[in-house]
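Residue numbering begins at 1 within each chain, and the chains themselves are lettered A, B, C and D in the order written.
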Amino acid sequence: MLYDIFVDPFVQMYQMPDFFLQVLWEGFVAGILYALIALGFVLIFKASGVFNFAQGIMVVFAGLTLVGLHENGVPAYLALILTIGVMAVLAYGIERIVMRPLVNQPDIILLMATIGLTYFLIGFGELIFGGEPKRMITEELGLPTGSTAFEFGERGLVILQHIDIAAAVIAILMVGALAVFFNKTRIGRALRAVADDHQAALSVGISLNQIWAIVWFAAGLVALATGIMWGARSDVSFALEIIAFKALPVLILGGFTSIPGAIIGGLIIGFGEKIAELYWGGLVGGGIESWFAYIIALIFLLFRPQGLFGEKIIERV
Amino acid sequence: MKHLKTWACATALAVGVTAGAVAPQPAQAQDTNYVPLLTYRTGPFAGSGIHIANGMNDYLQMLNERDGGIGGVPIAIEECETSYNAQKGVECYEATKGKGALVYNPYSTGITLQLIPKASVDKIPVLSMGYGLSAAAVGDVFPWVFNVPVTYWDGASVVINYIADQEGGLDSLSGKKIGYIFLDAGYGREPIPLLEQLAEKHGFELLQYPVPANQMQNQSSQWLNVRRDRPDYMIMWGWGAMNPTAIKEAVKIRYPMDKFIGVWWSAGEDDAAAGGQDAAGYKALNFSGVGMDFPALQDIKTLVVDAGKTQTDPASIGTTLYNRGVLNSVIIAEGIRTAQELTGKKVITGEDMRVGLEALNLTQERLAEIGLAGFAHPMKVTCEDHAGSHPVFIQEWDGERFVKVTDWIEPMTDVVRPLLEAAAADYAEKNAPWPERTEACAQ
Amino acid sequence: MFYREAGQFKTSYEADQALFPIRQDKIGLGIILLVAFVVIPLTANDFFLASVMIPFLVFSLAAIGLNVLTGFCGQLSLGTGAFMGVGAYAAYKLTTIFPDVNVIFLVLVSGFFSAAIGAIFGLPSLRIKGLYLAVTTLAAQFFLEWCFIRIGWLYNYNASGAIEIPTREMFGVIISGAEATPLARYFVVLTITVLIAFLIANVLRGRIGRSWMMIRDMDIAAELMGIRPLQTKLMAFAVSSYVCGVAGAMMVFFWLNAAEPSSYSITLSFQILFMVILGGLGSVGGAFMGAAFIWILPIVLRAIPNMLDVDIGAETVEHLAFMVVGALIIFFLIVEPHGFARLWQIAKQKLRVWPFPY
Amino acid sequence: MNAIVTKESLPEPRPASERELLLRVDNVSLSFGGVKAITDISFDIRKGEVRAIIGPNGAGKTSMLNVINGFYHPQEGTITWRGEVRRKMRPYEAASQGIARTFQNVALFKGMTTLDNIMSGRSLKMSRNFFWQLLWRGPAEREEIEHRRKVEEIIDFLEIQAIRKTPVGRLPYGLQKRVELGRALAMEPELLLLDEPMAGMNLEEKEDMSRFILDVNSEFGTTIALIEHDMGVVMDLSDRVVVLDYGKKIADGTPEEVQANQAVIDAYLGVSH
């Protein structure tokens, strides 16, 4: 037993290095996707202090809109543009109808409002596009399919999916674009001001409503990218929502306000759960992926409640 | 503290609102046979459920349009949405049983299990066609439950039989590795005892890859494990969104698709299409006809679908799951017809339906008569055997459609039947006092 | 005019601290109990009892349980479904181990198992607050769900992987299993729910309930007033999980009859959470109203097309129900964050001054 | 000076500095990640006195109270409470030993009524366990009523009968402060820490509050340590004053002594160090 826990997994990693590399790659890809979902959370949390539970469903909703439009005869790229438009309308609507009347409410109320939003979007999405899973229009969008295999060692093989590579590239580009947006543009600077202090931002003439609509839209774009990538890996359906929960432990590790934190947290969870599942999961019958990330987060919280990058919390009275 | 005070309103609300709104609709008019269909067109398993629902609905509707029902009595069809959710399943059951329901087809193992003990109490049979509790095939213990034409254990043994054929006999299974990837729920776990027993008997190694229900779309770990273990064959027990994801992942790790065999619930065109051309060679069990070259299906197309009387997408007629739904309705319809013949009544009850189903004898000739020659294997239900048929065939995905590649393959009845009987006895014991069979055998 | 407390003077603190200090409320409660225990059993049909009242009462109890934790103690939990599952599996195991013991007693005992599990998962609450705590309860949800599937002992290694409820009787009346009439099951569920609701209301108005609200409203101040945070929170977790566990056991024993692990999934957690939000955080009465609303709304929505003879697909109604529930949650959070319970109080306030507007 | 009621108008048995020692702070230092909040502070509080802690903003006054009731744990130094030396203590332990306090920004339980808020101060004195609470009738109810009587006395004393059943969130600021004082009094503390009890009040409210503080001190014999910015109030109310600046003690003595102290004058006038 002890051998199985402490020795055997490492022996396996050493004996099958190609497989270990493949596991790392899968962990990396999963981590990138978790990080993308988490990124959407962070954007909104930074600007408005709202923990957007609906981010997961926005991923599905964006993907579903894209595929649904295409199914109804809209060409792929036009569908993409229209979907971006839909996400913009959605962002504006959420800001106007949900967020604005709830300004200054306690966190927990805002969280619950986004849970309500989640249910609304599930019903709305299924009502319009139907409840069955849909195939992502990967090829139509010009995204690469297929895979490349690298020989490794004597009979080793590492297979990289082109779509996964594309996901990684797009994720990096998005993070880069967000960094530029936050640091170089006027709206970006305003966003950071809002994140620091709502009142102060207001007093220097920044329109909170506008800013919030913009962050929700940005989160919507991130959701769309995530939806396309994850949809290409499996299917677009509301069952994806449960996977979006994985962003929560990611956020706990990375902190709620840190974009690099979201990325690193995502990667830790991605690597961690794949390695745990493949090398240790068998000991308890496998399938531990469904809860492993949460337990990591829980244990982590006990020792470092402020997250990886957060500062130590000093309580005041 | 006035917290309790307000629950005044709660009950008032509950009573007031519901009493008006959900008062049971009057029982169906006396000149119809009422068949409630528990379906799911939404929820995580909608992808599979929609086609089944359409197939079931359309065939019965076609009978109404073409023949004016069965034996001259129209069928009252009512769909009730369960979303594959046990809460709603029970609600649908309670809402429809009072209207003279003849038979229930829950399309969910969970809901089937809830209904099994109720069937004998409420005198309405449960028809779980190729799903539910395998042990229910033992008619002596479960007089009210039918799982024609085949149980999961039959299916699992057919897969092993087929693999043995490919390898040159059951003896050559020795030393082979067979992987089993399944939905980690009662449904996927059910075949494990049989597979384990066969593994011991024939000397192959059984490797298990459970897929948790909330990880259906995130299977890369399971398939990495497959890649590491390199099983010679893979068997899949999947449903809903699990199927297309699994096929994609299999393609991804370059698993030889011709050695990948799914159960009949993993046999949907949509499932295999997720892997596209690369999935060519993927095999699945099946017991209902492939394609739409059957007169009855043509009738459905002209009388129901083209007439705009259903939600069915015309392209889906003839697909595996749609045809599965049709077969389910064929069994219902033939059960009603048999019951009418045996009882001499036109409008029958659930009890009559049970008798009809138990005497169901769907021969080649009869299949041809109803315009479905070769659509299914002949079925003959007996009082002891509520599965009544058992053989299944294997179809293969050629990149665009499923093609039947084997003839009907017999299951290992010698292994399966004792297991079924043991399981039935176990069920009866655990649910003691389980009622003895009192229903007379009509044969 | 009719609802007025003028002229009702309280001459003792006992009277002032009663659950229903106003006479009309006492009468109202009496009428409701009369309706619940006498009128409904006499008049309702099986569908109303089995598919409306029983689920409504089970959910009400679960919502009271979650309300203790979230509404009164301020600890957000998304693991309610799993805690209910612990109760259900514990009750199932107890009936197999002690087949001769009264099943109601076993259901009530099963709550202690979920209380213990709840307290264990409540431990991090000492250091973790708010949203962070929600994640730890998600850990409980997913981990326990996995256990229900993986630990065969929990479901007696049934081939189906589900728990199936055996037939049990009390005083010669069958109260569980398929042969139990809806009426018998209704009485059992009603009695347990009313009893537990009453006891919990007692706890909430006393020292312990106050200490939970202190933690909820300002944990630091509460600690400086001598409240031990860990003890108090753990007690809230345990009491809440006990109530949820009993509700979960009742759910399978007196309602569903058989349950797979997926019956206790995160969907159930959200269902209960919505009942608590809509009913009103921190209100026992609100739990009943929230449960009534969330459970009955879809039934009514489904019945409407039938009544109007409009042909709407069953799934469309389902989607609409999702949308309506989601929209209503947002609506309530915006307009009246305290849910139905506060609306009811406002209505009573208006009634008190009726017919004058002020 | 603002307050009408002054300490001088009340009888005084003997000078504060000679009374029995209640609490002594010895060489306490506290820092947060390198930032020093309190440096090497020592002073004492004696039974029955009104002790003021004053100083400019950021002088470490609130931190000092937080140290006394166990909310912060000092890195160095000791606290002697009724002759027992302690260093680390949880806030609830401090409360159970008879230290109560109010807060700079009102820290009432916003979702509860005035009555419940004050009842919450009785938490430590109530003991009926969970099972009696479940039953309610009998011991739990009797206990509740017994404490309710005590709370009603406090309500009468603070003249807030009319808002008994009002949720405190809806009360004006001045009344909230009064309820908070009531809540602390309900604990029947030996030592009552008041953190700026008159901040943000108008003249009339300040006078009321001053009267309550003096009444508490004289009628219940409660020892009081208070932080206050209004120098007039401080000078009128307190027996002895300790002055902090930049986390250090710069003066300690009677109001008259402190007023004359050059270091205090410098600190308040902002003379550079």
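Convention: a residue touches a chain if its C-beta (ideal position, glycine included) is under 8 Å from a C-beta of that chain, and two chains touch if they have at least 3 such contacts.
Everything quoted here is computed from the prediction, not taken from an experiment.
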Those chains that touch chain D and also touch chain A are C
Trace the shortest chain of touching neighbours from chain B to chain C and give its length in steps. 1
Longest centre-to-centre distance from chain B, chain (CA-based): D
Most central chain by CA mean? C
Among the chains in this structure, which pair is joined by the largest number of C-beta pairs in contact? B-C
Dist(centroid_CA(chain A), centroid_CA(chain B)) in Å evaluates to 36
Between chain B and chain D, what is the separation of their C-alpha centroids in Å? 73
If you average the CA atoms of chain C and of chain D, how many Å lie between those two points? 42
Could you state the distance in Å from the CA-based centre of chain A to that of chain C? 33
Flagged in chain C as touching 2+ other chains are 17, 142, 145-146, 149, 205, 209, 220-221, 224, 266, 282, 315, 319
Name the residues of chain B that each touch 2 or more other chains. 41-42, 46, 184, 212, 214
Would you pick out the residues of chain D that each touch at least 2 other chains? 71, 103, 107
What does chain C use to touch chain A in their complex? 74, 76, 124, 127-128, 130-132, 134-136, 138-139, 142-143, 145-146, 149-150, 220-221, 224, 266, 270, 273-274, 277, 315-316, 319-330, 333-334, 337
What residues of chain C sit close enough to touch chain B in their complex? 17, 19-22, 25, 28-29, 31-32, 35-36, 40, 45-48, 50-53, 55-56, 60, 96, 142, 145-146, 149, 156, 158-162, 164, 166-167, 177-179, 197-198, 201, 204-205, 209, 255-263, 265-267, 280, 282-289, 291-293, 296, 299-300, 302-304, 306-307, 313-315, 317-319, 340-341, 344-345
Listed in rising order, chain A residues that touch chain B in their complex are 16, 19, 22-23, 26, 29-30, 126, 130-133, 135, 147, 149, 159, 161, 230, 233-235, 237-240, 242-243, 273-274, 277-278, 281-282, 285-287, 289-290
Per the contact definition, I'd like the list of chain D residues that touch chain C in the complex. 69, 71, 90-92, 94-96, 100-101, 103, 107-112, 116, 119-124, 126, 128, 130, 133-136, 140-141, 143-145, 148-149, 183, 187
Give every residue of chain B touching chain A within the complex, in rising order. 41-44, 46-47, 50, 184, 208-212, 214-222, 224-225, 227-228, 240-241, 244-245, 248, 252-254, 270, 273-274
